[in-house]
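Labels A, B, C and D are assigned to the chains in the order they are written; within every chain, residues are numbered from 1.
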Amino acid sequence: MNTAVASPPPAATSPAAALAARYAGIRARSVALAAPLSAEDAMVQSMPDASPSKWHLAHTTWFFERFVLASQPGHVPFNAEWHYLFNSYYQSIGPAHARPQRGLLSRPSLEEVLHYRARVDAQVIALLQADALAPQACHQLLLGLHHEQQHQELLLTDIKHALWCNPLQPAYRDDLVHAQATATPLRWQDSPEQIVEIGAPAWPAHAAFAYDNESPVHRVLVPAHALANRPVSNAEYRQFIAAGGYAEVGLWMSEGWALCQAEGWQHPLYWDDALEREFTLGGWRPLDPHAPVCHLSYFEADAYARWQGARLPTEFEWEAAAAGVAPHGHFADADHLHPRGAPAGDHALLQLFGDVWEWTSSAYGAYPGFRPFAGNLGEYNGKFMNGQWILRGGSCATPDAHVRASYRNFFAPSARWQFSGVRLARDPA
Amino acid sequence: MNTAVASPPPAATSPAAALAARYAGIRARSVALAAPLSAEDAMVQSMPDASPSKWHLAHTTWFFERFVLASQPGHVPFNAEWHYLFNSYYQSIGPAHARPQRGLLSRPSLEEVLHYRARVDAQVIALLQADALAPQACHQLLLGLHHEQQHQELLLTDIKHALWCNPLQPAYRDDLVHAQATATPLRWQDSPEQIVEIGAPAWPAHAAFAYDNESPVHRVLVPAHALANRPVSNAEYRQFIAAGGYAEVGLWMSEGWALCQAEGWQHPLYWDDALEREFTLGGWRPLDPHAPVCHLSYFEADAYARWQGARLPTEFEWEAAAAGVAPHGHFADADHLHPRGAPAGDHALLQLFGDVWEWTSSAYGAYPGFRPFAGNLGEYNGKFMNGQWILRGGSCATPDAHVRASYRNFFAPSARWQFSGVRLARDPA
Amino acid sequence: MNTAVASPPPAATSPAAALAARYAGIRARSVALAAPLSAEDAMVQSMPDASPSKWHLAHTTWFFERFVLASQPGHVPFNAEWHYLFNSYYQSIGPAHARPQRGLLSRPSLEEVLHYRARVDAQVIALLQADALAPQACHQLLLGLHHEQQHQELLLTDIKHALWCNPLQPAYRDDLVHAQATATPLRWQDSPEQIVEIGAPAWPAHAAFAYDNESPVHRVLVPAHALANRPVSNAEYRQFIAAGGYAEVGLWMSEGWALCQAEGWQHPLYWDDALEREFTLGGWRPLDPHAPVCHLSYFEADAYARWQGARLPTEFEWEAAAAGVAPHGHFADADHLHPRGAPAGDHALLQLFGDVWEWTSSAYGAYPGFRPFAGNLGEYNGKFMNGQWILRGGSCATPDAHVRASYRNFFAPSARWQFSGVRLARDPA
Amino acid sequence: MNTAVASPPPAATSPAAALAARYAGIRARSVALAAPLSAEDAMVQSMPDASPSKWHLAHTTWFFERFVLASQPGHVPFNAEWHYLFNSYYQSIGPAHARPQRGLLSRPSLEEVLHYRARVDAQVIALLQADALAPQACHQLLLGLHHEQQHQELLLTDIKHALWCNPLQPAYRDDLVHAQATATPLRWQDSPEQIVEIGAPAWPAHAAFAYDNESPVHRVLVPAHALANRPVSNAEYRQFIAAGGYAEVGLWMSEGWALCQAEGWQHPLYWDDALEREFTLGGWRPLDPHAPVCHLSYFEADAYARWQGARLPTEFEWEAAAAGVAPHGHFADADHLHPRGAPAGDHALLQLFGDVWEWTSSAYGAYPGFRPFAGNLGEYNGKFMNGQWILRGGSCATPDAHVRASYRNFFAPSARWQFSGVRLARDPA
């Protein structure tokens, strides 16, 4: 692919310059993620929930054009017809191209989209370097960078699904790092009942970035409970399968059982039927028994926990545990793009951040006092607070420095194509 | 309909005799509810979510046969083939007739089902009178009575839908009581932050009946908030419609908006397009402006609240408010079978019980330490803890003495055929 | 069922009186066919293609009200709302109740429908006895009688499907006649190339009744070919199954193969998986090896013929063979309601009429010079000339004296619930 | 696009050399048709009925590999995994990639497919030049060339649909020839009843190529009738629309009307709602009133004919008329790729060949004595003889020298994306 990388960032000698550098870095990262893909690969949409890589590249650029550049005096749209194509779901802005048909867009070409990126980037960086953005535009730009990072993760999970759907099942990259892990015994970490502060102060009134759905900070009574020290491993999950977990109706939510039967689930997505190999972004590999199991739906995570006589943690239990922990872990920048086994060591709670998103038993909803972002961006998060479950902690495909303890990801319980795993919780005996 | 009423209850001179009397009364009530229906009416299934009246009559009887009588020595099944027909969803017991095909069951006839009821009732009452039931069987019998009451409400909501689907739109009964109400102004009742005890002790270990999903009692921190003194009225909801509420995408959950468009919703279920009349169990009637609006989906309740700058209450806010309130209200025994306006008077919170189920913003989930009922009845509630929202307080179609402050009803957010309304809540200014 | 039989026919001393007698007889026959059914049975609609018995009884009555009585001076509709309910597909008349929802009509009741029949019959018979019908009304009445006979057959095939769908699988009647047959060897009857006159003169210009789709008479060149002397038997079809016919893709039309896979066909509809019994209107019975196989789709009939190195006859080959044959055979009045084995004897072509409809290789289309019936009744046949195949000869469920050599029945190739079988044809060696 | 054109054909000094030249020419034509497309364009599948251009290029190549090269001694498959990807529907050969998912195949790339073409072509041409192909392989090669020409037409109709589905609606080519036509009055050409020879002798027993579905030659009695001298024009069809043809239920087949309502048809596919412009392979253009209307479904063609008091011709009427006419007309090689108005002149029947395929009233079926091609190629045509209608004469997108008087094309009645139009017929007054 003839990538159009944004110009090198300026030296960070001012806040605006620092922001310009950060902007350029994040934007270049998206292009780099698409670099292993042909224009044809970048166009595949393997299911309505997933989007083509090219669409991710264009939509994130549209976000900056629409929410940063469009408010600048004298802005001329790069291509008026593209507004329709690359609006995702902001209905208050106008109609958008139907999501399931994103894979039909042979035009604009990948090359045109990369040119579009370069032109938008040049304008944004010039504005930043001239310190010409009003505070509100700066805020929207910052939001756009977090937004872009979310799409970087989706680009990876979506292309993984697309390549797996092709009977040739090619690897995304042949040069990914990977290493086998050793076993870390499962231990339980007890917590007494306590009132905890949940959430993050509302941005941008408060300086640190957070999404609207993380606010306001509020007090929650978290009951006494215990958390597992690490996510469930492939070896453990394979025992569940061997014990007939996929055939035992009593372990499953009613809707999960129906889905399991209708789609013939016998194991996590991307495993082979022999339970020996899994499809990764680096192609087919032997299952690492000690790595966290991933590509589970909520239904599978929940059934596994029930089989173990345990349960999923609430998002509050998870956040209470993560509150004092630095958000370090195996993220996308480590270039594994697959979860790895827990590190050795005695730390009470391992892998809270990175490797796999952890399903919680908390339905996605509003915190008391929730206020959506102002204006059109109010559609960013709030309108999805129905029928989805919270996941916490980030994954091996999440950009470094993107998540935090208060970060709330959410997916439908049927979703399996994210790097989603499970950490057990249990009530006091 | 040639109803086969259970024999008159014995004098209540012992706990078992009292239970026999209660059993006979509740069982007779179901038959009475079906009495206005022809055998043909009792067979209609107007959508997969609803069941024919005959099926309700048979299934509740099967419940007693399977969970009470079947464990008695020497029990001979009344009709072995009917197990398959009248099992609802207890997959651990065996396969069941597909739910969407319940309306095809012309056999057994209504008459046979009523005979079945009479024969099961005779056996159960004989056992009770002989005090021959072991404690566990007594518990399952008691559960069966609560179960039967739930189906009494469903029988009413399902037949309402069935009659409305018929182009002739006949009334279920022509002799229902009804009276117009006067306006009660909306007032807000403030509550400070507090820790409250939520739920009920686990039955049957504890004597008072409660479903498994109401247990265990646990402490929840309820934030400061205000609750409306009464449910939203038809007049208020009509203002929402007049103001374009059904056309304002920004008020709606994403899934709700899609559903609203796909099905062309312009008003609550059962209203006419002129917004002047509504279909009731007594046929078409003028809308009573002061009566609580009902037959709202969660999506409509939520959009209305947002339009008002308010929100739905959590189930904990609701239960905290109801904790000290006797569960009195307009229930089914009053023979209105339609919600009525708030009574005059200064009581802070009116109509918490009865009239309309109140949607809450709480997703249906397990309380910490939740244990499903033992054995096959573990499927009763637990497996539906996904994709549904909690409603509280009972309705005009709920049997008297069925609900309580800790009672948790749950439906999918798209459900409109229940008597579901909305009470507003708001955060402190 | 409390049947409301039409009054006894007057003595046939005039053409109008004869028509009145015929009218009364045919109308009474429909009621008699429904007599073994409860009101509940008469309401079942087991698939969109089938209609409830009650609907057949009402629709055929509506036909006479709408096309005969409505044109009489001073006619007052019996119930204006029922026009909508019992119009089948005459869009030029007005909208009709959606076909797949006919099974939801608990009202009007079966009893009301039977009263409706009685009242319409009384008026029609009075008009006939008074010789008060204009010629056009007489024609429409006559058409209505043929129409009623078609619905008599559908009533039987639809209730058979409905009872079979019920897990209890009750018989329609326990008192049907049946007897085992003896084998009749398969022989081929050769025909040379010839020009034949196909079809019937247009009624009512010509006195003998025929549907519009049978006209005009026209000349067709029928090539040299041979026809089997009788329909394919159960024993022969069982050999096809044993030889793997349902697993051999090369025998099937592409669409038939897809359907066969999707629905898991392994044998004709109504056979058990052991290939030993079949469900009949008299309940489950052992398969009679010498009876004609029936309840085949076009796809199965066609695949069987191909497996035999033969083919289906064209409708012209069939009609040429039947032209000189009296339309006698095993029809519904014989009260078997199931096909029987060929009679002994040397007649060249056995069972052309009755027992099973015979699929032909002719797509349903217009004859050259085809003119639909005048007015609204133009919708009777013409608009279905797409995607259907012709069947010939009538079945064991067809009323006596209903079919003729030129009679064209038509169904979609997937249809299996009619008494449809197969007679082989082949080209000259 | 970096096209990999086959090597120049050898001088045609022998039958094998002539065949090699023809092979090279046809194969090069396919590549040339895809030349205006990017790799992304060549991957779009806009509906299950259509295939990506890349797939057409690969599948036609697979056809030669599988049916010509695979039978050569020592043949090594170019890529064993591609058999699965590029088999279309030959189930007797093995499973095939699901048709609706052809658009997900980013791999192999267009470049790889073009290399595949070049390698197969080199081997085939070498064999031809060495005169090393056995007669049967030569036959299959010849069939492969006709097959390739069919896919050349589909490539054009499929890419037209794909580009139109893209909201940017780009042209396939900007350099197409086009010219406005002048009006040619509609005249009727009468024919008396006659027996005609229909069809072509079976190839390869007979030297001239024909598909199996065109054989054997057989006698058909064609009744007296009249045919229009030219196809219906855009101006004429616009009158049908103006007269409310799309709203007049009485003109339509029942299934066609349902489809028309469900999909909101108001005009032919590719017309704008103002009825002034149409989308062509050259982009949006003003409607030429005198050009033949095209992109009609069977249902629209049939409804139009009925509105005119006429009907569609049978395929036999068409073939009888075309029997003595040289198959010349506006085909794809003229580089218009859009139908043009009738030429001036007195010839009785204009445009029988080329411009638009003409829907007939003949359902697609087998001729008496039909024998499918031997072996796996028996699946080529025969298994589709159900639910489709015959079209005759070829279109502006059909390669020159591909069609003939006996040629039978067939599509489902709902199909609109082919260049399908209508010529009227009528019965004698």
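Assume a contact is a pair of C-beta atoms (placed from the backbone, for glycine too) under 8 Å apart; a residue touches a chain by one contact, two chains touch by 3 or more.
All of these numbers come straight from a predicted model, not from anything done at the bench.
Within the contact network of the assembly, the step distance from chain B to chain D comes to 2. Because chain C and chain D share one sequence, their contact can be compared position by position; here over half of the interface residue numbers appear on both sides.
Here the spacing of chain A and chain D, counted between their Cα centres, is 47 Å. Chain A and chain B, compared by their mean Cα positions, are separated by 39 Å. Rounded to whole angstrom units, the spacing between the C-alpha centres of chain A and chain C is 60.
Among all residues of chain A, none touch two or more other chains.
Interchain contacts close the chains into one ring where each touches exactly two others, per the touch definition above. Chains that are in contact with each other form these pairs: A-B, A-D, B-C, C-D. For chain D in complex with chain C, the touching residues are 89, 91-92, 193, 195, 218-221, 223, 225, 249-250, 252-257, 298-299, 311, 314, 361-363, 365-366, 368-369, 378-379, 383-387, 413, 427. Looking at the complex, you find that chain A touches chain D at residues 38-41, 43-46, 81, 84-85, 97, 101, 103-110, 162, 165-168, 170.
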